[in-house]
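What follows is a set of structures for review.
Look for chain A in each of the two complexes below; its partner is chain B in the first and chain C in the second.
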Partner chain A sequence: MQRDSATFKGSQQAEAPSAPRLGQKWTRYRIMRYYVVPWIFLIPILSLHAFVVVIPALQGVVYSFTDWSGIGEAKFIGLRNFEEMFFEDQSYIDALSRNVQWMIFRVTVPFAFALFGASLLAKVKRGAMIYRTALFMPFILPSIVTATIWRYLYNPRYGLPTLVGYDKALLGQSDTALWAIAFADNWQFWGFLMVLFLTAMQGIDPVLYDAAKVDGANRWQEFWHVTLPGIRPVVLFMMMMVMIWAFLVFDYVFILTGGGPAGATEVISIDIYKNAFQRFEAGYAAAQGMTICLFAGFVVSGFALLRKRGWDI
Partner chain B sequence: MFAKRLTLLLILALAIALMVGAAAAQDNKVTLWAADSDTGSCWARLLVETFPRDDIEVEVVLQPGSGLVDAQRTALQGGAGPDITFSHGPSFMLELANAGLLLSLDHYADEYGWNERFAPWALDLGRVEGSLYSLSEELETVILYYNRTVFEENGWEIPTTMDGLYALADAIREAGLVVMGPAFGECAPCFEWAVSVFLSHHAGPDKVYEALTGQRPWTDPAFVEAITALKDIVQDGWYMGGLDLFFSDTFQQAHSLFGVGEIAMSFEGTWMLDNYQRDYFGEPGGNENEWDWFAFPTTFSEEPHFIIGVGSSWGISQSAKNPDAAAAVLDFYYSTSYQAESHSVCGNAPAPLIYEGDVFANADPREARLYQEFGQASAKGNYGYTSWSFWPARTNVWLWEQITRVYDDQLSVEDYLAGMQKEFEEEFAEGLIPPIPPR
Partner chain C sequence: MIARREFFLFRKQRENTAFNHIFLSILVVFSLGPVVLLAVNSFKSNTEMGLNPLGLPQEWRFENFGRAWEQGEFERTFKNSVIYVIGTVSLALILCGLAAYSLARKNPPGANFVMLYLLVASTVPVWLYLVPLFFLWRQLEFLNTYHGLILIYTAFNAPFSIFLLRSFLIGLPVELEDAARVDGANELQVLLKVIVPLAWPGFLTVGLVVGIGVWSEFQVAVIFTHNPEMFPVTTSYFKFTDRFGRDWSLTNAGAFMMVAPVLILFLALQRRFVEGLTQGGVKF
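Here is the complex of A and B:
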């Protein structure tokens, strides 16, 4: 013990003069560990992100203020593209209104399908995975496949319209084409939402349902007062995402109608494509692309505001 | 020690030789991009296999999807892309030339005698401010194909006037058939075919020429009359039996119905010459029908008239590593022998060259008659203009995009043409009109 104590003492005496150096080492170690090493690991992905996302995005911002054909020199024209877009270009305003219609459809019909489907499937115990897989399956099909299937399903000579004696092409009339495309898109999309909602529902405490039953709640009251509040963060988050995605819709419209008939399904992304690659107005197309970012920003800000006001998002 | 040094020297010399060899091979490699389709892969293989020079390596990169030109444009802007540049036609090439992305071909034209080999109007299409920047390929026009079997069964005659065509349409409908196809549910720009034909065949090619050269406005009453006539037949259900089907059916659906005889005629491009026989008539189409064609009638003459155009163009990229080798490849590509073989083996429409002798001896007689009549009509000046070859880009997009609004009664014919005039004036002022061959 004495020996131990001496050793301890001796050790303390021996280390005392080097304490500041240990402190420096420790500081250097902390700096390396917390400030340098993480950045070394991050540099590859940040560089990739910069080259693939940040720099092109900034270029897009710059080009939105230019008159540029997509090749060669760009000429700076200030806010002229935005002025033309909002005050002179009726096709842009029309396209924007179609995106808003698309958004309204997307946050209502697929959500209703998905909530209904998820609440039914949540009760299914036997063969649940088969139902879930079957309903989720369309989501993993490529858009070109789904769109082609629906093109044939909509055919008035041998498709679904013949079942009800309707002999017009839904995709060929300006008052039905957009909704026909939206429905085809919904067919692919709602299964994805349903799986998300179903997963969220499984996280709800079963005691709450028992309590509701004790209180005499019926299925609708259970859904409204227990299920929906329980999955509200997921529903609202997906609503935000779907609203943003509504401004990016391109594939189904491009494949099924290309923006027709008579421009009835021309959404902003189709207009951007035409301006960039067919009219050679890439500067103007970049400005239109900027407005999509702007609308996405509005949506995110709206939800952030709700969150700040205490909504559970 | 000496042996070691000698070995090192030998290795070094071998490495240098390999590097020099690789660099030389790289310099002599000429790259092209082509669409990864049946026709694209066919002519690509044919070009690589039959190109006669051993000192030049030809590499054709097949690009999947339909965005070949868009992808190439982006690559060129980034200083990359193929040595030989492909595009949809003169107005696209004009943009590339104006951006300084193409090499002038003037001295190659002199060296290889392209000025004598091409139809003059076709070579002119590739000129920008007097210099040649691109070479046109795929001679194109739009004609009326008809189901000959159905016509013979009903005793219908081929019309040579517009009035005759109207009478024929009435007879076809009385027989319970659809007057004509195809449908454009998959191809919005294809609405330009009929507009091009009606402007030239109804208003007349001289007036179109004057409009394209800025001497006559597109709002001229002759054009109003032409577009109104087109609108009337479309709304009357000539196409596919109704506007909704015209707007939404696919090519395949329309061509199949044409093959089996439910649709009597097809107002299509000459690029379908090969396809009808291969896919839709006779044994491949599961029927015993035959097809043939006639020139779309005009309001002013009983002689055959055709709108002329080209399907695409080729040029040499400014960043081509070996422009001389690229020019040699182009020279071979535009030889009458290669064009004839490409047409015979792959079904490619021939380039607008001056063909002498019986180059297309193996061609279907209906096709041979087309090239013969087309040549005769061109020589007499009986030709009009395809919008995709002669209209500037923005005006052309207006032409095919807004005509659907006219058909759908969302836009009046007058406003449609006023809009076209507005776009045209802007592009005319910017010098973006492709060269218009003098009449």
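Here is the complex of A and C:
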């Protein structure tokens, strides 16, 4: 993502090699070759993308101000949906608070795992590739398989909890279910973060480590004063992305608990799914989708503000 | 004196990495243990699972796979998933390849706007457009069809694929294309005869990432397909675990069959996977 935006900036400076120069004739051939053909190449995927993403997104904005069952006419009701959401619908507020808990978990536990793993792996030469492959591997597993694995590991009859004499279902109790799901998600996700951090760590100037060693820094001081500042841009960028993604979580909750027990793991996406496809409240669901956009916007502008204050992101 | 000092440094370094290796091994056990357990348990019988939940099976029961294949209707769902994967990968490579070539080489007026559009579009939360998209698809009668899902997957993967292919094409030398043009090749011929043979590693990376993404995809599939005849492996397996949730040997065997192709591809081409997935930044 970062790399992409870097090349994107590069392209703006790059000169168009083939555009017709002043004084050349605007022959039909030239117009075809420099203007028409390139756009013929671009139009198919751009129109497909607009059809699948942009048009429905705009429709979503419109529907969020309506009362609409999904079938037939949508009735314009102004801000009524949002009013209901924030002031009357306790289940929405609860779902939102679960997304915030999920977000807090996601920016701490996987980041701690990834920073720990990457800083260990950056120093290792022998077997580094094997470690990297093994630790990255859970990331490529389908969510349904990860969920099955952890449903088995959490099962109260012969799963992991029984090893320590705990015989209650972690996924079946309202006070543990969300954290159990979050930990399964962390197991799958942290290896991906680790590889990103590892790549960034390999870009740190080794002279800095030598200097730290000369100054007698221990492992922790070295990590805190050399490694972490060196990879801060990547860490902060990923924190922003992870915070945005935290409002989209769906798969693991849907598969492992479906929002239960007794609604204890119902996050916003599950609420939207039920409103749109089971309770025929598509207008209300669209409004809830809008609020996710709003929170993503808050996160992005929060980071933009930090950047303005001089943080290097 | 110098030799002694170097020996000392060498020893110190070895001590250091020993610490690293110990903790990395613990992390590897944490990451791979559950996967190995899944593989091992798929050979156990249900009674043995209760007696011996974490060890190697006493009796390797290969018939679990046959039973899961039958009961889970894997024949049909594997076929469906292969169609979704091949359809999406080929459509994405063709359409995004054309777009990436245009952006990398032609730099048409508005190219920067296109890049900005893709960058912004790829960060719009999916829940903003999923609900209206569902009702649009229902109106068009695209629900429960192959092309319905393939079009969605292609569009969702487009920004990532275009970015990655474009940055790959920019790295290729222009001279060969110019030579082909001097020889009288038209744009499409240049693309097919010069660019694609040179850029195939980029296309392979994108194809792998998109293909694995579609094979594993759950959220869109569960919303846009309701007819069991059209289920991909993921949602079909979800329904399967609903029915046979307590039959662990059956569900483990099913899950293992589903990931086996992914794991084999990953182990064979892991550099490409890691490169593609981390450069794309987003797994949808």
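Observations, loosely collected:
Note that the second predicted complex is superposed on the first by the 267 of 313 C-alpha atoms of A that agree within 3 Å, B and C clash if a C-alpha of one lies under 4 Å from a C-alpha of the other, contacts with A are read in each partner's own complex, and residues count from 1 in each chain.
One rule holds for everything that comes next: a residue touches a chain if its C-beta (ideal position, glycine included) is under 8 Å from a C-beta of that chain, and two chains touch if they have at least 3 such contacts.
What you see is a predicted model, and the numbers here were worked out from it, not measured in a lab.
Legend: residue contacts after superposition of the two complexes on their common chain; A:A262 is shown touching chain B, with no touch to chain C.
After overlaying the two complexes on the shared chain, residue contacts for A:S69 are found with chain B alone; chain C is out of touch. Of the two partner chains, chain C is the only one that A:L153 touches; chain B does not reach it. Once the two complexes are overlaid on the shared chain, A:P161 sits clear of chain B and of chain C alike.
In the overlay built on the shared chain, the residue A:Y131 is in contact with chain C alone; chain B does not reach it. Residue contacts after overlaying the shared chain place A:E281 against chain B, while chain C stays out of touching range.
Within the superposed three-chain arrangement, the count of touched residues of chain A is higher for C, of the candidates chain B and chain C.
In the overlay built on the shared chain, the residue A:P233 is in contact with neither chain B nor chain C. Looking at chain A, you'll find residues 70, 151, 277 touch chain B in one structure and chain C in the other.
Of all residues in chain A, those touching chain C in their complex are 1-5, 7-8, 11-12, 14, 16-19, 33-35, 37-39, 41-42, 44-46, 48-49, 51-57, 59-61, 63, 70, 113, 116-117, 120-121, 123-127, 131-145, 148-153, 157-159, 162, 187, 191-192, 195-196, 199, 241, 244, 247-248, 250-251, 254-255, 268-269, 272-273, 276-277, 282, 285-286, 288-290, 292-293, 296.
The part of chain A that touches chain B in the complex is made up of residues 69-73, 151, 154-156, 168-174, 177, 256-264, 274, 277-281.
Chain B meets chain A in the complex at residues 69-70, 73, 76-77, 95-96, 98-101, 184-189, 242-250, 253, 393-394, 397, 401, 404-405, 407-408, 410. Looking at the complex, you find that chain C touches chain A at residues 16-17, 20-21, 23-24, 27-28, 30-32, 34-35, 37-38, 41, 49-50, 53, 95-96, 98-99, 101-103, 105-112, 114-119, 121, 123-136, 151-152, 154-156, 158-159, 162-164, 166-167, 170, 174, 187, 212, 215-219, 222-223, 234, 237-238, 241, 248, 251-252, 255, 258-259, 262-263, 266-267, 270, 273-274, 277-283.
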